[in-house]
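One chain, subunit A, appears in both complexes that follow, with subunit B as partner in the first and subunit C in the second.
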Partner chain A sequence: MTKYIIKRLLQTIPTLLAISFLVFSILYITPGDPVLLMLAASETSTVDPASYAAVQKDLGLDKPFFVRYVDFISKAVQGDLGRSYITNQKIFPTVMERMPATLQLTFSALLIALLISIPLGVLAAIKQGSIWDNIATFLATISVSLPGFWFGMLLIIFFALNLRLLPSFGMGDIDKGIGDVIRHLILPATALGTSLAAMLTRMTRSSMIEVLNQDYVTVARSKGLKERTVIYIHALKNALIPIITVLGAQFGSLLGGAIVTETIFAWPGVGRLAVNAIGKRDFPMIQGNTLIICTGFIMVNLIVDILYGVLDPRISFTEK
Partner chain B sequence: MSEVTKKIQEHETETIDPGIIGEESLPISSMWKDILRRFRHNRLAVIGVFIMTITIFMCISAPLFTKFDPVLDMQLMNRLLPVGSPEHILGTDDLGRDIFSRILYGGRVSLLTGLIVSIFTMIIGVFIGCISGYFGGWLDNFFMRIVDIFLAFPFLVLAIAIMAALGPSQKNIILTLVIVGWPSFARLTRGQILSLKEKEYIEASKASGFSHARIMFFHILPNALAPIIVMATLRIGGTIMSAASLNFLGLGVDSSLPEWGVMLNQARDYMTSAPHLSIFPGVAISLSVLSMNWIGDGLRDALDPRMRK
Partner chain C sequence: MNFKKITLVLILLMTVLVTTACAPKTVDPAPVIDEEKILTLATQYTIATLNPYKTSSDGDGYIIRQVMEPLVSGITGDLRPLLAESWENIDDLTWQFKLRENAYWHEGNAVYPEGANAQVKAEDVKASFDFVLDPANKAQYQARLGQVIKQVDVVDEFTVRFTTNEPSAWFLTDIHRVPIFSLKALEVLGQDVFDFTPIGTGPFKFVEYVPDDKIVLEKNDKYFIEPNLDKVIYRIIPDQAVATVALKTGEVDIALQIPVTEVASAKATEGIRVIRTSGGGAYRYVAFNCKSDLFSDKKVREAIAYAINMDAAVEAIFGDPLLGERAYCSVVPGVPGYSDCSDLWEYNVDKAKSILAELGWTLGSDGILQKDGVKFSFVLKTPSDAARSKLGIIVATDLKNIGIDCKPQASEFATLVDDMNSSNFDMGISGGYGGEDGLFMMFHSTEGGGPKIQYANPDVDNLLGTAKVTVDLEEREALLIEAARLIAADRPHLPAYLEYWQLGLSESVKDFDEIPSVYIPLTSPYRNVDIVK
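Right after this comes the complex of A and B.
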């Protein structure tokens, strides 16, 4: 087991290197001169060649591509992703400072998605073909097609502006109690989690139907166990295995969706930082942001991989 | 003479009639006829085609349905008119432009983007997937590592980073979504090719001395096409949604041009005073995505040979 975890950890290194290379090259080919951008941010007068050269040297922009990439990587592993062109703040701490807000949002969305989809999927599966099944399946197809950001806007219009039940923007203050935090979380997390909920409902349903036809479920029933025990203890546990794998991959779409959701709900997370940075053409910030989000995504997938093995002992860690 | 030919004809029609032969007749239907029949039996898929056809028709022939220009006809005294105003069925936006007209013209942009991206991602992905799966070896390794890297990114996060580099325009949105989108097609195609290339009929075509290109594209690919077509259909809906998201974030077209995501972005400032600005572009996106998803699901069920009776 430990050996497997170490091996998987080592396997992520080439992936991370490749990702950083891609992100670095994307922004390397970007048109526009970062030196001029930086000078324009600090002073309004015309640029004199001496200060231009000084800034260029300071940023390391006079060196060739690969030297700059190696520079970038060796600093990045030490947690130094450079400084913002606009605010001159260090990027790594700036992004990490906002990370908890984004994680809070994405995990709440994940939680909401699970809380909706698993009961609904199980219900649809055990009453297959019934009106409940039809309603659940239909709702799922509809919600998969809703753009998350539009759904968020509808939630704001309905629950925040018309009914005045919940706040429409910003994060709650923990000093005002946990209730305030939750009240601020409900709308953005729902907006972000709905399409995932829809997808997971369909998956839970089909996975559950498959499991319920297995022999061991028949055995459990013939032993005279309560139907509830059979479904929730024997069947559901196995039906969840494929869902966990999908969760890892879907975490990426949650992170992407978080960028949009944060923009609508003025949520002070990483996504909003990225969108603002694009507006200001603050390339090191975009670079650092993308890199950190992707690293987080890869780590989540790694955890899911390991969890997958714990849940399903049939998967051997020693193979390959 | 004419009577003879008539008799011959009668005779021929008689022999074709299965009832007269006396054997149990089996309905003869081609593969595509079968697929079409199954597709038609899927109620949601048919509704999807219906919605999509109407949407496409209305967007293409937008001038027939509205006399307003989506960009130029600004009437500042008619700002934020509500739904159902005379002349403006869906009201007007913050600059007095007709919303109905903007939705129709905006649909041209959104639907065309969806179609173009879907076609190009499919062509690139299928081509690379074919080569990878068919030749294997270092070529396969090389392409699949690239695919792995692309798939290691959260889709929208990578798209946003590329958009940041390319700069805002609808052309760049299309380019970005193609760059980000082809790897999933490549992986799907490769898997299909791998499972087909060991089949005996491929061995036969190799023995017949056909060229690699001919075997790849004319013998293997047609049999691998079903899941690719389904993915391409679903991708149209997905692209409409992603393009709208990028435009909503302000990374796409100039804000004066009509586009569904752009319209929603502008509507954000008027959620209290004029909520109808936020409703209709979203309905348009959802309906198009929903109908494409239904069509895609219908195609999947229709093309899946395991369901064939």
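Right after this comes the complex of A and C.
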């Protein structure tokens, strides 16, 4: 097991290198000059060439592509992701400062997705072809097709503006109690979690149907076990394995979705930081942010892989 | 765990969520603690810095301008004393400012403890300007101010004198960009902390900045006018539609920008008013690259001007003068140099066609004009905002009617700015300069800025160059008007419209309307914003 984890951790190095190179290259070819943006060149002003050259040199943007990339990587491995072009703040602490907000949002979305999808998927599977199955499938299809920004806005208009039940924006203040935090969390987490819930409902349904047709389930039933025990102890545990795989992969898309959700709900997380950085061509911030998020994503997938072994002892980590 | 237990846990969890969500029947209004008067504003801008000499963003300015004071403040064409009490022009090159003797650096922070009573004196003003003028400090306005200001001298404890390199018409506009800051604060706090801890002399003291969430200010008890507000809280809400909802629900008192699509619904909400933000509007125009193959000939530009029904376009885009109005001149009304140039523009498709025919353009079999084997075909670069991308489509449609193949292409903002500022365009839609030096910046062939339209008219250069060094307002105004009319006749721009921004505010906000902006202090000799709930 330990050997496996070390091997997987080592594998993340080339992955992160590839990601960093990709991000670096994309930023390099993206139009929009960070020097001009830094000097506040706009529709209404241009900058004096001397200031341009000075800032360009200052940021190291006068160097060739590969020199800049190697500079970046050699500093990054020492834990120095550089400073933001715009705010001049250190990247790593700036991203990490916003990480708790994003994690709070994504895990709440995950929780909401699981609370909705598992019971609904199981219900649809055990009552296959019934009205429940149709309702679950219908809801899942609708939810998976909802664009996040639109659904978020809809939730705000309905629950914040029309019903005045929940706040329309921002993060709660723990000083005002846990209730304030939860009330601020419900709308963004629902907006973010809904499409995942839809996807997981469909996964749970198909996975459960497959498992329920397995011989060991028939054996369990023939032993006279209660149907509930068969479903929740024997079937669900096995049906969860593919769901957990999907969950790991979907964690990345939750983080991606958080970019839109955080912007709509004025949620001060990593996604907002990324959007601002992209708009301002804050290259070090975009690179640092992406690397940190990707590292998190890889770690989550690693944890998911390890969880397989716990859920299904047949999966072994030792090489044969 | 059996089925019942699992179901029970799930039901409990859902109940907790739902009951917590639904328990209070109202949303938090802007927080009210005892009798504290708190004004909550929604701003869409992320804070880049709260350092006055580094910032280039309006959003940063909204906060900095409440905490720190420049010598003069106000809107374009109406600058009034602030940290200075008065000023005089000793001669065309010398400006002398008398400072208020009751300005103190904010107290209760790491630099100035309570009771420090540190007065702001002429030497502080000189120190701020000297710092900004030193290229080593990389201040945002160094290049511009460096061209204007020769030296700054202390005359006496509360009098400071500026000497300019040449007579400077826009001197007050230039120095109003520089809030006076404390060099001691920079020294004590260090750069990183100083960048996000503004300490100044303004009506509000900085309390807290929570990144991407909020900025809290509290009243400065030592300000020479007692602010009506106890606290000012800026909530950062990037989506303007959400900010409008927050205004309607009472979570904020002012939404600093109401999107065009939400204006009608906000106006219809009881207890909310929607007003134009201060300033004469943003000038929007269609620009030609005057050295491109297609548009270097003034007659071609003239034909295009005849072919576009700009009045109809502006009506179609806005439909409400609160949002946008037709522009005929490249100067914003209210700014020196503005004149009504409506007599210089006409929509006349026949004239457009005949000019192009005279120039040798003939319709090809594909319905597109051509000359010497070259088709009249080009890309019209536009920003991606709703109004200007619509304008691009309307212009292209009008031009198609006379056989010109104009392809509108909306670009992401930074890309467009890059293209326009490097003359990488044939025709583009852009936004103009609303300041007093607008004409100079847009049309001076060698010293201007912004989009490089490659327009050069020696008469215009001469008029603008003279205006720049004419301190007398009336004389300057006459020169600018003459230049504006010459420019309009040359057609480097097709003025399209003046776009206005709207802000929404609760009826409970008082004394805000006269200068509807937070780029100017909420408490000053000219207003004292209040909230009465």
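Some observations on this one:
Rule of thumb we're sticking to: the second predicted complex is superposed on the first by the 284 of 320 C-alpha atoms of A that agree within 3 Å, B and C clash if a C-alpha of one lies under 4 Å from a C-alpha of the other, contacts with A are read in each partner's own complex, and residues count from 1 in each chain.
In this section, a residue touches a chain if its C-beta (ideal position, glycine included) is under 8 Å from a C-beta of that chain, and two chains touch if they have at least 3 such contacts.
Not measured: the values here are computed from a predicted model.
In the superposition on chain A, A:Ala53 makes contact with neither subunit B nor subunit C. When the shared chain is aligned, no partner comes close enough to touch A:Leu61: not subunit B, not subunit C. When both complexes are overlaid on chain A, the residue A:Pro167 reaches subunit C alone and has no touch with subunit B.
With both structures placed on the common chain, the touch criterion links A:Thr290 to subunit B but leaves subunit C unconnected. In the superposition on chain A, A:Ile135 makes contact with neither subunit B nor subunit C.
Legend: residue contacts after superposition of the two complexes on their common chain; A:Ile156 is shown touching both subunit B and subunit C. When both complexes are overlaid on chain A, the residue A:Ile19 reaches subunit B alone and has no touch with subunit C.
Of the two partner chains placed around the shared chain by superposition, neither subunit B nor subunit C is touched by A:Val219. Of the two partners, subunit B and subunit C, it is C that touches more residues of subunit A. Contacts of A:Leu9 after superposition: neither subunit B nor subunit C is touched.
Comparing the two complexes, residues 31, 153, 156-157, 161, 263-264, 275, 279, 281 of subunit A contact subunit B in one case and subunit C in the other. The touching residues of subunit A, when paired with subunit C in their complex, are 31-33, 36-37, 39-48, 50-51, 54-55, 58, 86-89, 94, 97-98, 115, 119, 153, 156-157, 160-161, 164-171, 179-180, 182-183, 186, 228-229, 231-232, 263-266, 268-269, 272-273, 275-276, 279-281. Across the complex, subunit A is touched by residues 1-3, 6, 10, 13-14, 17, 20-28, 46-49, 54, 56-57, 135, 138, 140, 142-143, 191-192, 195, 210-214, 235-239, 241-243, 245-246, 248-249, 251, 412-415, 417-421, 430-434, 441, 448-452 of subunit C. Of all residues in subunit B, only 44, 145, 148-149, 152-167, 237, 241, 244-245, 248-251, 264, 267-268, 271-272, 275, 278-279, 281-282, 285-286, 289-290, 293-294, 297 touch subunit A in the complex they form.
Touching subunit B in their complex are the following residues of subunit A: 15, 18-19, 22-23, 26-27, 29-31, 141-142, 144-151, 153-154, 156-157, 161, 251-253, 255-257, 259-260, 263-264, 274-275, 277-279, 281, 283, 286-287, 290, 293-294, 297-298.
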